[in-house]
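In what follows, a single structure is set out as structure tokens and then discussed.
Should a chain be cited, it is by its letter among A, B, C and D, assigned in written order, with residues numbered from 1 in that chain.
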Amino acid sequence: MKPEHYGIGIAKGLRVTIKHLFRHPVTVQYPEQKLHVSRRIRGNELVWDNVKCTGCATCSKACPIGAIQIATKIDKEKNKYDVDITVDTGYCIQCGLCVEACPYEAIYMGYSYEKAKYRRNEIIQSNDMLLPSETRIRSGYMSPGIAAQLPEQTLLLEKITEKEE
Amino acid sequence: MMLESYALSSIGSALKPLPADWPGGFWWHWLVFTIIAILFVLLMVLFFTYFERRAMGRLQARLGPNRCGPFGVIQPIMDAIKALTKEDIVPYNADKVVHWLAPAVAFVPVLLVFVVVPFSNGAMLADLNVGILFVVAISSLSALGIVMAGWGSNNKYSLISAMRAVAAVVSYEIPVVLSIASVVLLAGSMSLNDIVLAQNIPFILMQPLAFLIFFIGASAEINRSPFDLLEADSEIVAGFHTEYSGMKFALFYLVEYAEALLLSVLITTLFLSGWRGPLLPPWLWFLIKVVAVFFVLVWVRTTLPRARIDQLMALAWKFLFPLSVINLVITAIEVLAWPGGVPWPMLFVNIGIMAVLIVSWSRLFKFGWGRVKVEA
Amino acid sequence: MTVSLSGLEIGKQLKERFPGAVVEANDQAVLVKSESLLDVARYLKDTTGLDFDYLAFLTAVDYYDYFELVYRLASLKHNHTMTLKTRCYGRENPVVPSVVKLWKGADFQERETFDLFGIKFEGHPNMKRIVLWDGFKGHPLRKDYLSDGN
Amino acid sequence: MAIKTEPFLLNIGPQHPSTHGVFRMRATMDGEVIVDMEPVFGYLHRGIEKLAEERTYNGFVSLTDRLDYLSSMSNNFAYCMAVEKLAGIKVTERCEYIRVIMAELQRIASHLIAVGAFLNDCGAFMTPIVYMIREREKILDLFEMVSGQRLTYNYMRVGGLSQDIPEEFLPALDKFLEQMPRWIDEYDQLLRQNEVLLARSRGVGILPKETAINISASGPVLRASGVKWDIRKVDPYSVYDRFEFDIPTGACGDCYDRYRVRVEEMRQSLRILGQARKQLPGGEFQTPVVQPVHLPVGEVYGHIESTRGELGFYIVSDNSIAPYRCHIRAPSFLNLTALRDMVVGWKIADAILIFGSIDIVMGEIDR
């Protein structure tokens, strides 16, 4: 038997760790440094397009959780067909099935991810709160047109390229 | 850091070796060095916690603490404030007196040991002529605190940890003392200051095997990785300090790092020629060496997995103990063979012996044992 | 490629060996009586040529009138599989024999089936709930289960 | 034992640093030695099998992500394959290849966590897992690119995929395939020969071949015991019959073998990925039939080699829009059966190690 196990494995391991001392750390200092997320990110808070929406409630049926409620009514005084949408983002699991199901591309996933709320009732959003705005950017999930306008995703693959041996 | 270095430089140079005409004589010396020792331990522990987290972060391709103050240097102070302001929880049914006493009992011995550590030539609180015996005797006392903590917490994990502590400390004391004995043989004195003075060649070269045994044994005794079985977080949660919070936990934390500091200081003194070095002032050499040794500790901790308790015991009794006995005998013969002078042959002979012993003994290394037959 | 053995063939073999045990045998599965399940399973496991040494999974389906237990067996030796089924009747106290002695892999699965369907496995060494707590009322995977526990 | 000792009960978990979720071992200890052990779980039970009966076939895909949350892609794959088998849908070539690429990337990602967590349980303080999570992060970036999420991908659909891969995916994949082998080599250097790890894991927690088969173990746990059984080879699904790869097996089924099998599997996955990348055809990513609404009456069992073993979906259809019954054969659930036999007689430290080497995910066990 070869005389082994006299510490050569430990020495090799020590070599690997000391090598890392001279490499660049991978940590991202989050609030200061931000990476671009994927163009297709399924961020929180749905974005709703009130122009395209017909109130067909396909999204509501596709939702596996039942977080979307859609009610339509005819407003006789104004002679208008109203869509009343309520999304309980607290229940939303960000699966994107509603976006996929919508036949009119009237609902989008949100692009942002820092959408924590202080109060529970702020989580339940309806109608005008769901419209796109500066803070509610639409994500390119299932809509390549929007995806092309969003910044390119930062890849860790390209960030860590040390170790050329 | 700065304060203590200033104090060391001014007082350390003034106090060489202990001026008899110092006003107040002994008492001034006692006061000054007590303060220095306590400050040294506390400040170095603060620095070490920062340094360890930072170094470990970098070794793991992370950054480590970098938020509080420039480069995160205030982090240990913030941690201390947090620990002080936290609620102190004593578990229900705990042995309250023991639970309360344990952190103090663990901390005092560690602090005591620094009495005999020379920061510069003769710059120490007490130049005991049995210094090394004092170190060995006192330092293992802190295991008592750990046992008290384990027992007093009324927690099974803590109890397991306490039992491990007793076993580890008792068995590792022997190889550690034997390896120190060979150093003492070479130096011809038990005073730490004299040991440093004897190291024209650092003893790490003269006694590589003793150094290795001391390093392994002492890190097992102070439960540094890979022998951190007392607080093996993946097995017994946090070991003896599972049930401690707030300041009491902080004291244990302090003990842990003070022990690591003690280990670094002892290795510096015993094997790395202490405060001696060219160009730079002695106290700076001392600090550099201490930090360097601590870095090796951190490095090892980052890399190695943890041993098991029976493997820990086996390592002490089957590996380190015989090797340290052999090393002691060889050293004794060598000291007789080359009395005085610079024993260069000894250096090469010892390195050769170390290599041969380690390779041959490692043949005994076996896998897969340790299962206990359990009757159904 | 794993060969899925036809239930018809095995059903024929079983009919010769255990007359009256096989209720139905179609292309996909063999349905046996629950009393003779253990014998049939032992036969399937130990007979050379069949060697069903691997229980891929075990589960139950609630058909209101009866519970159907599905055993999917596989043989690592010959790389073939088959599905064995049995039925147990009654909603109060349905009982089937346990196959833990043959395949230890059935241990947790039988407990789970007991937990979620309320089917007792006779001969299981540790027949108690596994994913739900002990005081839980009802068996949730039954089709007539309502969330209030009735 | 000469000394008469009294056994005591130790609850390892459900909140414990290394029980990988809310798992509890009710261990009867004699000092440090475990004399009896009973696994207790169910803290994460969500009744996914029941939920499947109330969702449409496509709607349930997003819930399969929550089964084995470290390998959502494999779960999607298995479920979609089972439903397609029942509905008789043949998916396009391109879709099959993309699915295989995703499943293999997922295998690497999941094994990285498994190996890292195992080494962490072994006491290597955070280092291996931090390194490995860094590599996993690169894979998650790729997944995020195609599906928009980093953990619950919900990428595959019955009859295809939700979207085609974006154009920047393939260059990134090439880069990953080029980098990854070097990193795996480095991890091997880090701890493969480490004496402490060898002492801790060699010969510890041996699962003999016969027992492994008898307890229906699968995946790396079964293969480490020396059984050459990989669904990708013995029952090739999708397009796995077109790739060349080996099945790494262990010698005796100890913890070290399980660790090595996982590392070797990562290498084999890279081989498959390389071939799949080369052969990836163009064309449609989805069959024209997108939403199967009413599936024919019948039952089907579709299984794949998930990262943890044989993941199967047994689906009974009654021609309604939802499955009548959907049973999930969860590999970690069955691998866990072996735990008691492996643990008894070993010390508490080994128990943690053995438990870590089985590599369970609680989401899959409790379902």
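Note that a residue touches a chain if its C-beta (ideal position, glycine included) is under 8 Å from a C-beta of that chain, and two chains touch if they have at least 3 such contacts.
In this text the structure is predicted, and so the values were computed from the model without any measurement.
Central chain (C-alpha centroid nearest the global protein C-alpha centroid): D.
Taking C-D and A-B together, the chain pair joined by more C-beta contacts is C-D.
Note on chain placement: the centre of subunit C and the centre of subunit D lie 25 Å apart, centres being C-alpha means. Spacing of subunit A relative to subunit C, judged by their CA centroids, is 43 angstrom. The mean-CA centres of subunit B and subunit C are about 62 angstrom from one another, to the nearest whole unit. With each centre defined as the average position of its C-alpha atoms, the distance from subunit A to subunit B rounds to 50 Å.
Of all residues in subunit A, those touching 2 or more other chains are 5, 7, 10, 13, 16-17, 20, 26, listed in ascending order. Of all residues in subunit D, those that touch two or more other chains are 127, 131, 134, 190-191, 194-198.
Those residues of subunit C in touch with two or more other chains do not exist in this structure. Taken as a contact graph, the chains fit none of the simple arrangements: neither line, ring, star nor complete graph. By the definition given earlier, chain contacts exist for A-B, A-D, B-D, C-D. Partner subunit A is touched in their complex by these residues of subunit B: 55, 57-63, 66, 299-300, 302-304, 358-360, 362-363, 365. Chain contact summary for the complex, subunit A toward subunit B: residues 1, 3-7, 10, 13-14, 16-18, 20-21, 23, 25-27, 29.
Interface of subunit A with subunit D (complex): residues 5, 7-10, 12-13, 15-17, 20, 26, 37-42, 62-64, 93-97, 100, 109, 139, 141-142, 147, 152-153, 155-158, 160, 163, 165. Considering their complex, residues 56, 59-62, 156-157, 160, 163, 225-226, 228-229, 232-237, 301-311, 365, 367-374 of subunit B touch subunit D.
Those residues of subunit C lying in contact with subunit D across their complex are 1-2, 28, 53-57, 59, 61-62, 70, 72, 76, 79, 83, 103-109, 112, 116, 129-133, 140-141.
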